[in-house]
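In what follows, structures are represented as structure tokens.
Each of the next two complexes has chain A plus one more chain, namely chain B in the first and chain C in the second.
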Partner chain A sequence: MLRSLLFLPGNNPNMLINAGTLGADAVIFDLEDAVSPDEKDAARILVRNTMKYMNLEACEVIVRINSVDTSFWMEDINALLPYKPLVFLLPKTNCKDDVLKVCGYLSECEKKLEAEEGTAFVMPLIETAQGVENAFDIASCSKRIKALFLGAEDLTADLGSKRTKDGREIEYARSRLVVAARAAGVDVFDTPFTDVNDDEGILDDALLAKNLGFSGKASISPRHVSAINRVFSPSSEEIEYAYEVMMAIKEAKEQGKGAIALRGKMIDAPIVQRAEKTIAMAKALGIRGDENE
Partner chain B sequence: MDIIKSATAGTMESSDAYVEIEPGNGKNEISVESVVWMQFGEKIRTAVEEVLNELEVENAKVRVVDRGALECVIRARVETAVLRGKGEK
Partner chain C sequence: MNKLVTTIKEAVELSGLKNGMTVSFHHHLRNGDYVLNMVMEEIARLGIKDLTVNASSLFDVHLPLIEHIKNGVVTNVSADYISGGLGRHFSCGVMENPVSFRTHGGRPSDIISGKTPIDVAFIAAPSCDPMGNCSGKYGKSACGSLGYAMVDAMHAKKVVVITDNLVKYPLADWSISETNVDYVVSVEEIGDPKGIVSGTTKITRDPVGLVMASMAAKTIEASGLLKDGFSFQTGAGGASLAAAKFLKEIMLEKNIRGSFGLGGITGYMVDMLNAGCFEKLLDVQCFDLSAVESIKNNPNHMEISAQHYASPTAKSAVVDSLDVVILGATEIDTDFNVNVHTDSNGYIMGGSGGHSDTAAGAKLSMIIAPMFRARLPIITDRVNCISTPGKDIDVLVTQGGIAVNPKNSELKERLVLSGLPVISIEELKEKTERITGKPEKIKKGDRVVAEVVGRNGEILDEIYSVC
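On to the complex of A and B.
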């Protein structure tokens, strides 16, 4: 379960070697924007050695490779595919052809490595106007796709809009990506909140993302990780209510009742689904066991 | 693999290592400067030798300035320097 995804610069040993201690559910080793063109080779080797030698069991590892319009992305995959990152994050994904190009290359590499085909996954990073408009096509074009990821900094540059703290300029993109991802049956992750010193702002921004339907949120600072984890974890009230829902459903079935109400509201299928999801999350996070079952 | 030109990799920042490589005088010569030389100097030297052997480098001068880097970081920086300084036989 991924709530927080923390970007770490791919050529910074001090950050990379501490990846497993920063509290994030996943770290994103960044070979793209955080690395200058003349250091791409060094970062690729450093990230590979980090994945090869360091104990990173405390978190999942995602690698942001370079975009398909550069000469670097295939070398990134060649170097890192053997070390099985959770997914490859594909920057500047504009259309499904960008994804299919990478997926085709992954298939070639898997054959060479004699690995099972289709076991490497990708997460398109949507950060252009074209990408937003093609979001569902992108999300549904391959079984390798695990999630969509919104990148607001590049997107607002592409839109010609000013990036603000309240994020009104990306409301449409956020909603569009959530709908596209959910329609395709994949997860969706929100863009980082970039003011690393604003501890209240990150809470508000993460809560907004959660309420819109995002699965989790990215961060560029370890300082934001705990806030994101807290917001994207079910609250004790939500867990309590979820168990009440499941208990009410159980009792209704035993009594042969059709429609039931809880706290003055009808309990229908979507509410039950949400309760099941909340309980599953709580168990996965070790927040609450099955003592109420 | 032949080293045909001078090359560097890494930085002098904490937890990193700075590596210089250049064509040698008939064999590999390795020098290591490290704030933890007393404890880890020989281990660092061995790691550098292993990377050179893996990459079949037999004639290079290598200088490593260690700033408290883990072995996997030193190995990465040496490999990068070699690949930057290499030429095909």
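On to the complex of A and C.
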């Protein structure tokens, strides 16, 4: 389960070597924007060796390759596919053809490596107006797609709008991506909050993303990771309520009751579904075990 | 009675300083201190030889001391801390006799007991009146507390105060009383304010430092010690300050009111006092301007002597009432022995200061250190120098996990129950070495250049020459 996704520059050995200790559920080794063209090859080698030799324990690895309109992306995949990143993050995905191009190349590479086809996954990074409008097509075009990812910095540049802290300029894009991803049955991750010194702002921004339906949130600073994890983890009240719901359902079944109420509200299927999800999440995070069951 | 003399030379002569005697200095002016160099220059001019310099700490600003050693003016040095530039000379064997390292608590204890008597104490004072009442809180060279000078003033045979802010008698709010002072010298400058205290001390922005700091605060929370009446000391390093920041947030959130903050005091501890995290600050040394301002203006920010701070032979010292201390390490071994005296090449670059005093006194002694610095692992099979014995260390916090000293099984249980990433120190060492490899052992020279005296007078270790 991914709540926090932390970008780390692919050309910074000190950050790469500490990747597993920064508290993020996943790190995104960045070969794109963080790395200048003349350092692409060095960064690729550093990232490859980090994935080859370092044990990042519970921390998952995502690699942001270069976009399909550059000459670097295929070399990125060649170098890193053998080390099985959780997903490849595909920057500047405008349409499903961009995704299918990468997926086709992944199939070729998997054959060469004699790996099972379709075992490498991708996460399109939606950061253009065209990408937002094509979000559902993109999210549903391949079984390799695990999630969508919103990139607000490039998007606002493309929209000609000013990027602000409260994010009103990306309200539409956020909602559009959540709807598209959920309709396609994949996860969706929110853009980083870029003021690394604003400890309150990150909490508000993460909470907004959670309430909109995002699965988790990216960060460009390790300082934001714990806030994101906190917001995207179920609270003790939510867990308590989820167990109460499940208990009420169990009792109702035992008593042969059809409709049930809890705390003065009717419990219907979506509430039960949410409660199950909360309990599963709490268990996965080791917050609460079976003691309430 | 006239204690005011016109020159340092005159004061040295009047003090009766002779060959083979001991002179002492405090380090409140830190790397901005002019006084030790001024005094030693006059002593050298007077042809006095074979002296012992007993300083609470020595900094690189004191490099002229090396010439006095070469010329035979100084033949013995005793200090609680020696910074790297100066330490390199001692490591290269500039002095025939080994440096004697003590702790901030052991030094006053040995002065009082007569084990290391002081013949003449030279006390730099940012403010002083003509009869010797002096303070560090006022004047252009203000340094705040004069805690390390107090025992020297009370127990040296002769006491000379050197000031650059001579005020009318009587100076109110003195730290050292005229009853102990023989002579007063007024000079133009006793130090460079830029080197005395830093403008502000800042918490680290290094992500790894922040991870460690957050884990340190959670460890303290999980230890069971964080409750009303809690007492705490931390250093001025970036990660230690960040741990204090996280701790402050927990204390405010849980409405915990501690009893006191201790030690070298930074602006961050002052913020905690002002926020209501502590009722008092007990201050043996100020690290920044914010601390100097606070000790001057806030009656709950109190000055204490080094004896009161940490002496093992006092009837009690504040470290004995301390709950938690956060400390650093250049190395730590699998028996939790800590080195803060030498660097990775074996050169002297520090000293215990209050490290082993607070570790011995506090209920929870925590080391914060990264798993590796540059390419070198922090955990070794055996540290190059034992500064603080492992029996006094409870826990090591790194970015790769928390290692609890097996002697403290209750703490380990508490941390595991709180879901913190507890790992054995041996596993942590292996985990680190998988990244860094295992470095070769340092080749020691054949001469002992320093001995580390533990706070109870035992020789903890010897430091060998490097060059």
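We take it that the second predicted complex is superposed on the first by the 293 of 293 C-alpha atoms of A that agree within 3 Å, B and C clash if a C-alpha of one lies under 4 Å from a C-alpha of the other, contacts with A are read in each partner's own complex, and residues count from 1 in each chain.
Going forward, a residue touches a chain if its C-beta (ideal position, glycine included) is under 8 Å from a C-beta of that chain, and two chains touch if they have at least 3 such contacts.
On a predicted model such as this, the values are computed, not experimentally measured, just so you know.
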(request) Go through the superposed model and pick first if A:K112 touches only chain B, second if only chain C, both, or neither. (result) neither
(message) Going by the contact rule set out at the top, does A:K257 touch chain B (first), chain C (second), both, or neither?
(response) neither
(request) Classify the contacts of A:S221 with the two partner chains as first (chain B alone), second (chain C alone), both, or neither. (result) second
(request) In the overlay, answer first, second, both or neither for which of chain B and chain C A:A42 touches. (result) first
(message) For A:K283 in the superposed arrangement: first (chain B), second (chain C), both or neither?
(response) neither
(request) Examine A:P13 and indicate which partner it touches, taking first as chain B and second as chain C; both and neither are also allowed. (result) first
(request) Pick one for A:M54: touches chain B only (first), chain C only (second), both, or neither. (result) both
(message) Counting contacts the way the document defines them, which residues of chain A are shared by the two interfaces, the one with chain B and the one with chain C?
(response) 17, 54
(request) Flag every residue of chain B that touches chain A in the complex, lowest number first. (result) 9-10, 13-16, 69-73, 75-77, 79-80, 83-84
(request) Over in the complex, which chain C residues touch chain A? Could you list them? (result) 205, 207-208, 210-211, 214, 371, 399-400, 419, 434-435
(request) Note which residues of chain A are touching chain C in the complex, please. (result) 15, 17-18, 21-23, 54-55, 221-223, 226, 286
(message) Taking the touch rule as given, give the residues of chain A at its contact with chain B in the complex, in rising order.
(response) 13-14, 17, 41-42, 45-46, 48-50, 52-54
